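Listed after this line are the structures, all set down as structure tokens.
Both complexes shown next keep chain A, but they swap its partner, so chain B is in the first and chain C is in the second.
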Partner chain A sequence: MKHGKIQKHGKVIEVKNLKKFYGRFEALKGINIELYKGEIFGFLGPNGAGKTTTLEILEGLRRPSEGEMWFLGEKIHGDVPPKIKEKIGVVLQETRFLDHLKVKEVLELFASFFKNSLGVKNVLRTVKLEEKENTYSENLSGGQKQRLAIAVSIINDPEIIFLDEPTAGLDPQSRESIWNLIEELKSYGKTIFLTTHYMEEAQRLCDRVAIIDHGQIIELGTPAELISKYGGKSEVDFECSPTPTTVALNALGENLIISGDHFRIMTQNLTKTLEALVLWSKKFDISLTNVFLIEPNLEDVFLKLTGRGLRD
Partner chain B sequence: MKETWNFFKVHLLSDLRNKRSIFWVVIFPILLFTILVLTFSNLGVKGSINFKIILINDSQKANGPNFSRELVNAFRSLSFPNKDAIFTLTMMKKKDTNAAFEKVIYSEADAVLIIPKDFNSAIARSILFSKLGISAPLVPIKVFYVPNRASSNLAESAIEGTIGQINSYLTARFGYTLKAIKVKSKTFGSIMESPSYTNFVAPGIMVIAAFMTGLLLVAPKIAMMRRYAVMKKYASTPVNPYSFFLGFTASRLFIMIIQYIGLALFSTFVLGAVIRAFSWQAFLYYLFSCAVYAAIGFVVGFIASGPTSVGAVSSLINLPLEFLAGIYFPLYNLPWYINIFVYINPLWYSTNALRQFLGVAMSTTPMWMNILVPGIWLIASIAFSSVRQNLEKE
Partner chain C sequence: MVKSHSQMKNFFELVRKSFYMFIRDRQATIMIFISPIVFMLIIGFVISGISGGTTSVNVKVAAYTSNSSNYEQLFKKAAEKSGIEPIFVKDKNDVKKLVNSGKVQMGISLESSTVTFFYNQSFGQYNNYLKDLQSFIVQAIREEISGIPMYIQIVPNSLKTGSSLTVISFIVPGILAIAIMMAGVFGMATTLGTYRENGSLKRLRTTPLNGSLFVFSIALNRFWSSILSSYITVLMSEWIFSTNYNINWPLFSILMASAVFMSLGFGTAFSVVFKDLWTILNFSTIVLVIMMLFSNVFYPFSIMPEYMKVIARVMPITYFAQGLRYTLGIAPVYLWKFTLINIIFAFGGLLMIVLGGKAIFYLEKR
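Then we have the complex of A and B:
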């Protein structure tokens, strides 16, 4: 998890009062975002909150109804111009490439769209698909397909990369490998705009996250800031034997919740509570079993702010 | 230009490597062509047939024998409801000649027989001259028919045979030599002397091949690219969207041209068709048709909610359009409500025009209609696809 404030090197994207109407429906109600060079910016929100609309406007795939946007210091009027598209990379949800095309042919095609190209071999090496260059794209595994999608998005050596749920539907191993790849891209100084449904992904990768709901950003900050502000208390869950006496239970304080053989202590300071619990068990000669430490996370923040789960 | 070429290359490559595509757009039309020719090339030759003919008696009464009445009676005796009738005879007036022609053109009748104004006097003169030993001009009777339509062609033969019998009667009665009456045929919709089913069906198969390419190599790809955001992916790059549409469409047209050449060679050298396969007019019109069917493919691709629903949408339009285009068989006596679909069917016009340009038959529809109706489809399809594409960006 990233802690503390990020160092702001310079704005790469600035969006002010971005609105989008679909007929009378106001999908975006004035979005304000700033992205700084080299950061991973997470954009979280339940389905239908306006995430993809925002992302697609930034990617140049949809036109905003109102608002102002600056990319790399340049104000955008209407559609995102080709010279800005030269500097961005996009990984869309569920990208599939043409069947019966080899991996290197897919990359060659996309490389031909840009003035600047890192070269097919270099990109394949970065995403660890060198051995698959002659494989038809449809024959790749889910994780490999996603790595190919990332390869396509970085073929032009972009300054900004948009990743729309890059690990959705992948197995844990593939997800881990994509996370490593994203961290590697960050280490090259790329600015990454990431949407995800996985809170552990956002917590692990993102320097800052914005939470959007009903077309509005309802909170923005580092994961640590948001968790500390909205995450609530940590928990220590445990079972013990023999069953503690009333005296022993009273010694655990007011924050104890008992449900049958199961005990839960709510705390603001997990370390201190854990130390105290160990001392308590020795004092009353009680064995602790099935001890679980539960820290608040972005899912809790999310629930608190939106009233819905991240994947609802 | 480079981007257009790249799109052309990858889309062509992707299809040439796809065995399923190759089967449906290359092998299947050839198989269909072969099966149709093997099955139906003798259609209409065997069995008892009743021909619908229209007789217009424009002759004036003469002082001598009324030959025209004899002729009409001869045809009546061979017509329904008499036993073993070979004709269903309809008498029409001279003023209705154009209506009679239309009935033949639109398959409501098989042939029109016109007895000319001076028929009786000309026959009398011919007999007199014959008796005097002077050579007299033959008396013409006009038969209008459509040679590339089996029933019309056979009707003309039957009329000629009947008139031969009448000649024999004249010879016996007036002791005068045969061939007093000559059948002078004027044809509708034919520039061929001996129409065959192979020739008849070849242009339609070419049209079907192009149409299938539109449905099978344009529609599913567009639907797939929309469903899996490939088009969005292109749109997120600096590439000009027109490069994609141009390169992609050009790759489809290239495949359609290959189909045309393949089918032309196959029909000529394997099935023995007599067509002007490499006439520039035929080729240009074929290219125009290909653009129409590629555009229709775009529409289907934009209508379908995904690659799997393309099949359903395609089947819905494929079968009616194919069977109401007169590709496999001439269209006869269709109810008016079915004819509406025929008249708006681009395949019908393409087939008619190609039959003319390939030297198989004169088009049964005016050439300007053969360009106008498919042209409307082309423009409407491009407009629809552009609107859908822009709506998806909004």
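Then we have the complex of A and C:
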């Protein structure tokens, strides 16, 4: 994929054998993760996998039952200390800001909690909410609210930003704008830990992804690594006219699956297969319609690993 | 130094923002101001309708001291401290006669070793005030005789012979006390409960913000509004019920300040103990109703059965109402007692706010 290997220096977060019990229920069964400076690390997993639990333990909102954590090389004993809270930014899964405050007032207020501040104007510009600075936060649209949540999370110029499902429930356009924003934050050198159950999101944004299910990390790697390991074959789908002759069909090879007038070719090499298909259509004078390219994705990886879909 | 300066600035920012949130929440703000007034009007009209409570009586006291002692001097001093100016008569029988004829409401006779109080039973409810007065006089005499210096300046000079006592003027301070406590407890509990339920508290907990400071900033805004509302309520009652108080504004303000703090403290404490907004509100309602009924809000201490006195003695509202009556000039209270009440209210309230703020941030952790 588009991100290369990240350089493994500057461990920003390290978590060892993190466990969390809710009563008897074991929500986290020993999580081990390391986050490196400047990377986007993703937790991809279905509902109830333990994504929020992990994040909120790191944010100091919940107490781990067992395990060790290091922030910026410093071991955390007990509660996450204010010194660390100065350096983290948080977007919760659901954010509600204090009512009756305007956008810029929300930012001023949060800025006052920290020693560092990027400045309200700067942050508003970054998240493109300048025009809404005088709107009450409760009157923002869903996407705008999420942008405000991100603005608030970066007001203290944090080193680490936690984003819990930053685009859940947003329309494609808002999602795209949040993705761009997250990439911009990465370009400023921020380390980002995000959770999602959208594989497109993980694939697009994350340098490394941990696939989590039932409180356990079942696989961890770059999206490309995971897909090539578990993703299986790519696929070209098409229809054509006139209906190809048997001779023509045989020429397409044994990876062809025919269902009515619908054809699918499974392949390890999409480019080669496409080239061949175009040549084939010229040779037999067949015109192709409704051509779809289907690449393997993290969804397939998840399916392979768990036997379930991400949103089952 | 630099750090503490910036912390001050941050605190100022916090107070300013909670001020905006507070005043922009129109309905809540309006309720804070008008609920004590509405409360007072409703109960005031009902009570005065039932008891004819707005008709007033002049409290007059007649006194006799035996010639053979220096008791007249002593008694004059004691009476002065109690804020009454008795009519001195030369014969003990004259005291009784005056009482029986209804020309005075209370008679006191002071002989070598006995103090006798005379009442006219036909004065019914007013005897309750007289009984309060009586116990005060007894104490004053005791201290005068044993030579212990008294806290002279504390004695209300407003309870003069001739001042009028009405049921409504007794009850208004009680209602004011309960209304102010209600506004404080509910205001704090709803605000904190709402912040917890809508998740904004959670978001704040990920920042280095100190929980005590946050809760304190909310309390400050409730604080000034409650004080203001108490002034309006008292002035309204003066106007509507002609209560004719002799208000000691500085003491009134001090008491209001400490009592509001206490109420805000209780509101904070309740929202620490109970997690769910509705539970907090229900619990607060129950507590306030108990406080209202088992205290001196509606009836004086002296007419309560013994068991009720015991309960009333542990109710903060009892002392609040008592203190209020004192600052409004209708009940005698020692200044040391008044001071103690204020100190306990203010510090108790502050403690609950500070510890409650810490706890509210801390206990959310699961």
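By our rule, the second predicted complex is superposed on the first by the 309 of 312 C-alpha atoms of A that agree within 3 Å, B and C clash if a C-alpha of one lies under 4 Å from a C-alpha of the other, contacts with A are read in each partner's own complex, and residues count from 1 in each chain.
Just so it is clear, contacts are C-beta pairs under 8 Å (C-beta built on N, C-alpha and C of every residue); 3 or more make two chains touch, one makes a residue touch a chain.
All values reported here derive from a predicted model rather than from experimental measurement.
**Q** Using the superposition on chain A, decide if chain B and chain C clash or fit.
**A** clash
**Q** Look at A:282 in the shared chain and tell me whether it touches chain B only, chain C only, both, or neither; answer first, second, both or neither.
**A** A:282 contacts neither chain B nor chain C.
**Q** Determine, under the contact definition given at the top, whether A:105 touches first (chain B), second (chain C), both, or neither.
**A** both
**Q** Look at A:59 in the shared chain and tell me whether it touches chain B only, chain C only, both, or neither; answer first, second, both or neither.
**A** It touches chain B and chain C both.
**Q** Which of the two partners, first being chain B and second being chain C, lies in contact with A:94: first, second, both, or neither?
**A** Both partners, chain B and chain C.
**Q** Which segment, 40-48, 58-66 or 76-84, is the chain C region that clashes with chain B in the superposed model?
**A** Between chain C and chain B, the clashing stretch is 40-48.
**Q** Can you list the residues of chain A that touch chain B in one structure and chain C in the other?
**A** Overlap of chain B and chain C footprints on chain A: residues 22, 59-63, 82, 85-86, 88, 90, 92, 94-101, 105, 108-110, 112-114, 152, 156.
**Q** Residue numbers of chain B touching chain A in their complex, please.
**A** 2-3, 6-7, 10-11, 13-15, 17-18, 221, 224, 228-230, 232-239, 393-394
**Q** Can you tell me which positions in chain C touch chain A when the two form their complex?
**A** 6, 9-10, 13-14, 17, 20-21, 24-25, 195, 198-200, 202-209, 364-366
**Q** Going by the contact rule set out above, which residues of chain A touch chain C in the complex?
**A** It comes out as residues 22, 59-63, 79, 82, 85-86, 88, 90, 92, 94-101, 105, 108-110, 112-115, 152, 156.
**Q** Taking the touch rule as given, give the residues of chain A at its contact with chain B in the complex, in rising order.
**A** 22, 56, 59-63, 82-83, 85-86, 88, 90, 92-101, 105, 108-110, 112-114, 152, 156
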